[in-house]
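Going in written order, the chains are labelled A, B and C, and every chain counts its residues from 1.
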């Protein structure tokens, strides 16, 4: 896949043209106009956001405005929103000359993706068959942000190697696939995945990795001079890391059921994240000469505990269970950066810029497994009968489902996410290989200059580009 | 106005002295002492923040502490607070050598302004005629932050060209004018402006632009070497942009009425902002050679959707309406940066450092117009009778006002904001021309060294200052 | 203490070995495993986070999920969480070559400290004597973050001079001491300290200062080239400053009692912080040639108002009282940086990297004194009888305590915090002097290269290191 076959060489391997002056504005305008039309036809406020709410309150005998779902979920929504734009955005500023692209393209595709997600998820989850309208409220906004997160994870694998137009296409398809996959997992299989270990992380990671595999660049080493960080860009990336880390309890608890569900999810995630920090530091130090820590590990693997608590966030896995999950994830994820990323690039021809396989794919799978096991072993004693029904939503068609069955469906859900990620990634990767999207040559990757006006360069940057080897301060 | 007339040349054009060692501490101390005295005479906790709350609860038959307004508004307040200090502050760090001034003076004038705003707004809105006290609670804190936002917008036009003492004077008068203007608009005209398109943005922008016009510096080109960004300062500015962008739904919903009002305002703003991101990227790309994006547009015009949803935030403009508003704003604002800012500097002698005309003035006017139209076309069918009363506060003296009349008053409110901005700006600009405030020479603007101890400069900065033209990495 | 006595010279003064490849992973693993075991034995969810909550609601006749403490405290918790990781972390990035260490080690010790704090505080405050379990909920998470804050304050005095292993040991003992001290102050003395002026700030600051005194480095001037900031590192530090400043109202109100308590604490802290900004700018300008401001003061002393409102946060000190507290703190703290820090280093042999004596110790003492006085002068008229009971928790064994007695106990609490800080610091300092912890030589402090892989250095950095004197841009 990495090498063009003879047949299509003329088409697929002609010189690259990075001019996006027509394609990028065209895509932005067409898709934004499409959004306006589709929102006009389909989207309205839900009853808690509609001006008829005062009537609804009377009808449903709601005594206080504070029962409006807005007050239950808005603080969590804002935390999630920060994760999407500042968290993911700044985490991707770590490259020495791709900070504009990291934070800027993240901004672009998230802003587009959330609109398309409101529609796609709305059609599957919130469409009123009588009126034909999608009614949106605060929970839809959170879910749209979640959906976008899947595409931003995929962006992590592609960072620096694709054009903004490709990213828009990747997001359009990614959101579509996500909505279908989410519908199958949450509605048809009725699996629980409040923080999206499977729905978001497994799907997003394998989607991005597969696209990266299809778009393999054999001569990427020609951009080696730009493929690394400088001192300040690593500090910028820590802004992203910390906002992701701090707000992850809100991410995993944002759409849990009211009361103990949200409360427990926040506690579990808080603990799991704390544990993964310690094991990340441990493995990072253990693996280097003189025990020196590596910023790449600290920026990424410390977050693995949050990924892996996604599925079981609201389960009664107990505080020590959350610590164990975080403990394992920190180790697995850091080893991934040390061993797997180089292996994948060399042997599997998967170039994974941000190491999403280590931060999202493996901890996501771990999270799915933990979820399946803890679901299968849930009991009335631990949850109370009503608690079990609340947690696993054993109502309606699923009222008689046993916890063992639930565990099996959780495992099946993991496979669905994997299949959608890999299948969708292969398809979209092929689409992105068309030589019309304005991506850069192999020797011009990881460079903001291709798509951004860079007003001034500094001597420091020029200097660094030509002395990638470390220049000891002591020896000067 | 830009050139000194002969008559006052001796006074107004003598050499500048940037020593603020007496004036800045004097202003800070005198005004802080005045605040303490005035707060001592006038300000007390309101009933929801007073220790008598447990008695109030019994008297007013309130059953739960959660009905305390604190729990409805505190999360939004904190988001607004972040916008004021990190949002505005970091947005103004984009200049290569004025980051200390951008974030530091923003900090100073916001911290002073909010105290004065609590008093000024208190006298107009919260003064108890019986006790003579202003009773403050969480809503007053939000309104004080809002009021400060008006002055920080004005600061954007003056960035790098005025002394901290001038900024303090500008804030003192700005807050005073704002409080009067706000009283006229919200109380006398009874216009609705939850997110302040008119009260905050139109007023703040024209206030700043008029001051900038009065303080026109004909030889500002002598500071050209410092009038631009470097790579890292643009990334710092993106911190400001993103926190403003993410928390704008909280800004526009913070003082909406409880329940569906806050809920709807958040949804509308979220959507409008998303749409303006796409059109900003589109126009930015369309306007440049090879479609290269410009960080100035991305940092600013993406926010225009939030500004323009200020007035109509809680109106039933429907999700597609919000998207249309954002769509238009992104285009208008980006064109402003491309066309209007150079034109204004050259032909109108208005030097607008941050381009507040594009980000605040034009989207603010658009927001006011949208508010007037949507108010005039509101109906019982769309809002429900009770919803209409809640949204437009048709109570007391205004119980019989029709929506058409409301629309007219909304339009009148826009004119009031404009008049206060321009008139107040002219007055304050004249005051700031007195040569006692410690501002810098034309060849010494945009330079932190004038007012800050800058502990070390780097070779990189020195280098950049002398090679403003772009230095291609590939050609080295 | 600063000089080795002859007797132990062989042991304590042998050449330093900064290799932490064994010790750091060992400490991380052993302690994380210990946490898992202890959590397994001791920690469970409290009733509001347990799946039995639906049963609890029926038993306790709770009608709405919104009464779950999660919804009262979670927004404040997240703000506190940001202060701990981004606030403290980025405040410590100001050194030119120790930004990784500042934000990274802050991350490590906070993530470890909060786990140990949940246990230690749990044993003292939340242990159920019947079941032997500690039940944790959102309030425990906030308290754990508070406890960690004490150790991070101490870290500020040691920044750049100790190894990560020493920091882990310092945190282990610090959290332990904190939990005992907190138990004595809050439970035995029944003092009020919602925002921790005494419990957190006095203890943390004197703990760190005493350790710094014991670990005195006579030849630290050999690292002078790295002991300062560069332009960008000062801007990074402002991120920390602003997030601390903005969220401090949440810090001081996070564990206040529901309703007016939280509301009033937020207002008081907001005002106190605003006042300390103005006096900080005033003194900073007054003290320098030509009135130039110093970033060190702006980054730190502006926060003193928040520290000093910790104890009296929920007291009825009235808005002007809060302003007076902030006014004094800004002055005291800035003078500390100007006068006391150099004096302490020269005469008392206390090397205080971040100036925690000025930001935490002195404002903390001031806060303790304000708390004692305002408690002693509280009255039924001001608080209402029920308000007085709520604010000072005059229930159970303390139902008959008078406000004068309360004032005396508040003063006693301050002494307890001081004694624990100094005594604990001396003990832990001695432990940290063992030459097994991997700290650096005196000529190698404040350097990230010792414990971090620094992937690239820039010419700018190299240049700056050798020209610490200021290099005028104009003269080039």
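As a convention for this text, a contact is a pair of C-beta atoms (placed from the backbone, for glycine too) under 8 Å apart; a residue touches a chain by one contact, two chains touch by 3 or more.
In UniProt terms, the chains line up like this: A, B, C = Ammonium transporter AmtB-like domain-containing protein.
It should be emphasised that the depicted structure is a prediction, and the values quoted were computed from it without experimental measurement.
Without subunit B, contacts among the remaining chains keep them together as one piece. Annotation: the subunit A:subunit C pair of sequence copies touches via predominantly different residues, less than half of the used numbers being shared. Subunit B maps onto subunit C through a rotation of 120°, based on Cα atoms and reported in steps of 5. Per-chain CA centroids place subunit A at a distance of 33 Å from subunit C. Residues of subunit A in contact with at least two other chains: 64, 66, 71, 75, 232, 239, 458-461. In the complex of the two chains, the subunit B residues touching subunit C come out as 18-25, 28-29, 31-33, 35-37, 39-40, 43-45, 48-55, 57, 64-66, 68-71, 74-75, 78, 81-82, 85-86, 89-90, 93, 97, 99-100, 103-104, 107-108, 111-112, 114-115, 118, 136-138, 141, 164, 232, 236, 239, 438, 447, 449, 451-462, 465-466. Against subunit A, the residues of subunit B that register as touching in their complex are 64, 66-67, 71-72, 75-76, 79, 96, 228-232, 234-235, 238-239, 242-243, 245-247, 249-250, 258-260, 262-264, 266-267, 270-271, 273-275, 277-279, 281-283, 285-286, 288-295, 298, 302, 316, 318-320, 323-324, 327, 382-384, 386-388, 390-391, 458-461, 463-464, 467-468, 470-473, 476.
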